[in-house]
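Chain naming follows the written order as A, B, C, D, E and F, and within any one chain the residues start at number 1.
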């Protein structure tokens, strides 16, 4: 009888706390959005289910919780706290990314830089709200719209915020179809949205092979702290483009990135234990995340319009919105908004170019922020 | 010359101990059974060859043995001692398991619960034989007929027994075709064995998607200590059923589970170093394992017969034997015994339902046992 | 302004050291050779790009460098320093290797043993140049022409030399098409090069299955210190040949070995940080490596010629050169040199037999050397 | 300590009674919930239909297919002429070249649509085949 | 210390003599064993045939194929009619539906046998094709 | 500390000015380099052609195909006769056996050439199919 009572007092039913239920609701929402709405399911489903797993109430001290040093979740979470998973995800991303349209029209790279403005504005905002500099930098990187980059920088600067920052970053990435289109429409005229981009020139295999080396040199000499992300990213890319190690490139863009994605998502989700997660800070981070994404989108578009003032061949300013990486969500949105105005206007390929430059841009920003905090 | 002598004194020939040869014979037997008899080769071959590797005599202190802290085997064994491999195997299992026939006929779930009786009887037996409670619990879980679950619980409660318990669990799982059929025939009449199961109703995609969430909530609220197994299990299953992350599900059920299986089997096998393994305790564990499996099989069948007393539509009591998980061995045996009586009686699909509920049942039991020991 | 200066003083441009540029040039050369010349790209591309990543100048103390304990590279490098990656590579190699032509003509195994002579001569040379015994042993193993074996032994005996030894081993393996043919031509007559090998007998599936068990017993009893390499190697091979665990064998020879290859190459490359790598020792190691490879090649050929003195059915002495493992580079060279003399002479299959015996031979040598140093 | 004494001392009887009770009741509840699941799902489906159309359509359906439903097939027919000039499998860049030589409009974008439509299939790294 | 002196001091000569000796004798023994292996295997095979039939047959062979050897092919022919009504690839549930509509007995079990027989092949998550 | 005060104290303004400046100038330089890349590549290509032929030919091209270009196809035709005797897919050892029985020269080597030529294709562990 005593044993039964003791057992019952160890069940989740007994130990449950209202914060667990809040988080379970959030987790369920993520799972629902991932499955029913197909919002970035590769991210939202693992994270959402991870939130569920992490918020089943349990007896502390058992070695079950992700913050207890000998739990399975803790071992799997190690790849997050050390930054290893983000590095591996970037390896796979590199082995997937096709830079040919970016190489054909290098100007689009500037849009990837411009869209990082969201980061810097958010940095100031976070400081103004009283966050410590390292916390502020970690929050600011949400504006880069790049999950692994955000997790990586936060793991290095403010590990206690990994949960809320990752959740904010991924939530807004999933909500791209809701956040971006209104901003795009607000900041562009119908005529601008109808601008066609000319066919890009053909890019030679050799250019594609040389690019990752040059990219590595330039980006990582400038911001060495971006090595863990961009080093593996460009490594993945040269494996893909060289054509001599296809079996490695194939594994990198399938088994390797998938495994890292599964465990990254699962443990980041599980790191949102209600009692740790539900704090006023988390709420502020969520608000700041919305600011970051909106400004990033807007600044990309505005910068494209400014570029148009100086260029003969106009750029469709919608492409600016694709400068927030959020691969490939934002590129798709740009494409769809463009299509709506003119069903013959295919922006996808150009938007993907901005997307990949946005990935590089935000990884550099992560390097700069990290370096600023030293 | 001195060097030659020194070298020779470091060879396996010189260092060999009779216990190594006993274990090498056992390992060879496992390898033989796996290859020639095809008894659960996915389990027996890695374990058997692991036993060979672990029992080649070597000079202690070199950093070669699995129990020496800087050996390669020790690093690979880490996934066993922390419980990470079993968790990962369950992730893959979840991504493979089709719950549709269980959802179509939920009553079969009770058979998966009933077949766990072997666990509890073995718990008492082990205590009676003088094992400490945590050891007894680890031995008892052999009755769950689920390798990764046994390894997981033992790693948490009695890590020094991982070798014998794993070997016992896997041996009996491989011997299912020898152990189960006589018990099935003993406890059922010819007429009972000929009972046909009606065609299950069709299960909708949505039910299949909702099930892993409900399963997670119910099982893990009840026994939070089963989170490391059932959390990843249901996560794998929702990846499979949601249909929105097929690439992750595919990787989980191929590269991820295969890799974990290889290293789990190899290192569990290698952990049976003769001098550590060949103790009276190991012999007792083997005997208790036979008891556990037999009682599990019997109690599943008997429970099915009891259920039939109360139900209009009779269940084929052979299905009770499939409640011991041992995926998919026991389901196959039930199917074959059924076929022998009546070549038109296809029980496989129904038996698989009991199998998957047996997996859940024994993971819950592991959670309960762990919680009892705290 | 101060911040800008501080940032600039953290860029690679500011921190660069001439040694970094030397290494960047070497890394670029490796990448170039891998892509443009297709010299062993599976090895040279990861290592070459790793050299680039490791030699981007960075601010020490950031946690960026491979030798800083909390960097991502350091965590990935862990698999090198512990010897886990080489073990895993051997698992995959085993699951790829077809021993049938070796089993058909066991005499060829002696060529794999003879070609290890390079190791022992290099051992003496390295000692004579003033290297400590453990360093000398690590350098000597370069003569085994087997990357993972070299890395494994060096990780155990002289971890500070992993970089130069790995680079030397892989460089010469890539340069096999330049090093070996002249030596082959020098040491053989035109007539010898034209010797045809008779069709090997057919090997039964059972022989192929029994071989890994016998190989494990004999090699590892003789030199238990080769267990971490040959244990997984033969395990991989029995998974392949048994035919009962095809899914595991497939994963071992694709996802598993590819992943290990990627991270092994990348981190070994990155371990060549200019300030650590560019020392007189590294230059000596490079010179000794050339000696090792040349002697290995020569001694294989000469031994074949000696064998021919005693045998009725002559061996083509070119096959001796394939005794240096360097899979499958040296086998291909032998085949091509043979083809040049007589376009109907297909030596590839026989050369592969020598190759695989060379792999076993050098792993045993590693075990012996390790044991000598204890 | 051995035998019944050991069991009692270690609280074995309690465990052996309460343990199976918990498992059985847990799985029973799960079975009951499952047996009601299809009703629940049906209920939800109904409600969903009554109240709202999904606020945001799944993005995949909006794109090209809805807008040029038969254009892609037409385009495919036109491109068939080019494909016939190439050996299967071919490199994408070869296809671009013949497309440009023959003044086909928007080759790159068309190609990407053909790929989305599953007509142009990546066979291996850099090589493509034409489906149909 | 350099040169011959260093070699002697470090026991180099002994190593360089004993080392290759061990490798060579090891691989020689292995070569000898291998060369006798096929005899050993033949011996075993013979003995195995003399003494016993394998006590338990491999389970895979017992199941369906042995019992309904041509039934499956017959069933497949009958099912062909249903398959013709579906577009390739099809969802399993569609096949069930037409099977039930046409009063085919045991559709689910038959489908699982067709899958085992390799006639019904899973092409991708949830989609199946009919082989032959 | 909150608001502007916190920003100043934490050097926020400097960061927010210098940060984007660095990113922008970095990516601008990268864009400029990229835009010149094809010229650089062209330059290299030209130079390479002028000075040298590649010193060592890629090894894969030297081997069999160059030496017996149509022999393989002829061999394939001859082997077709044997293949017709086997059921597809077949085990390699079966092919060897019929080859030896019919006194075909060099069966193992021929088979390895047929595999290199993509005529004999490994379908799964141990089983092969004949392509064409």
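In this section, contacts are C-beta pairs under 8 Å (C-beta built on N, C-alpha and C of every residue); 3 or more make two chains touch, one makes a residue touch a chain.
In this text the structure is predicted, and so the values were computed from the model without any measurement.
Any chain touching chain B that also touches chain E appears here: C. Among the remaining chains, those touching chain B as well as chain D are A. Counted as hops between touching chains, the shortest connection from chain A to chain F is 1. Look at the contact of chain A with chain B and you find different residues on each copy: under half of the numbers used there are shared. Of the two chain pairs considered here, C-F and A-C, the higher C-beta contact count falls to A-C.
Taking each chain's centre as the mean of its C-alpha atoms, the one that lies farthest from the centre of chain E is A. The rotation that brings the Cα trace of chain B onto that of chain C spans 120°, given to the nearest 5.
With each centre defined as the average position of its C-alpha atoms, the distance from chain C to chain E rounds to 31 Å.
If you average the CA atoms of chain E and of chain F, the two centres end up 29 Å from each other. Distance from the chain A centre to the chain D centre is 22 Å, each centre being the mean of its Cα atoms.
Those residues of chain F in touch with two or more other chains are numbered 11, 15, 22. Multi-chain contact residues of chain C, defined as those touching 2 or more other chains: 3, 7, 38, 222-223, 243, 250, 254-255, 368, 372.
Every pair of chains meeting the contact definition is listed here: A-B, A-C, A-D, A-F, B-C, B-D, B-E, C-E, C-F. Looking at the complex, you find that chain B touches chain D at residues 102-103, 106-107, 109-110, 112-114, 116-117, 119-121, 123-124, 127-130, 133, 136, 203-204, 206-207, 210-211, 214-215, 218-219, 222-223, 357, 360-361, 364-365, 368-369, 372.
Residues of chain F touching chain C in their complex: 11, 14-15, 18, 22, 54, 56, 58-60, 62-63, 67-68, 93, 96-97, 106-109, 112-113, 124-126. If you check the complex, the residues on chain E that touch chain C are 1-4, 6-7, 10-13, 15-16, 19-20, 22-24, 26-35, 37-38, 40-41, 44-45. Within the complex formed with chain C, the chain B residues making contact are 3, 7, 10-13, 15-16, 24, 28, 31, 34-35, 38, 41-42, 45-46, 49-50, 52-53, 56-59, 61-64, 70-73, 75-76, 254-255, 258-259, 261-262, 266.
For chain C in complex with chain B, the touching residues are 82-84, 87, 91, 156, 209, 213, 216-217, 220-225, 227-228, 231-232, 234-235, 238-239, 242-245, 247-248, 250-252, 254-256, 368, 370-372, 374.
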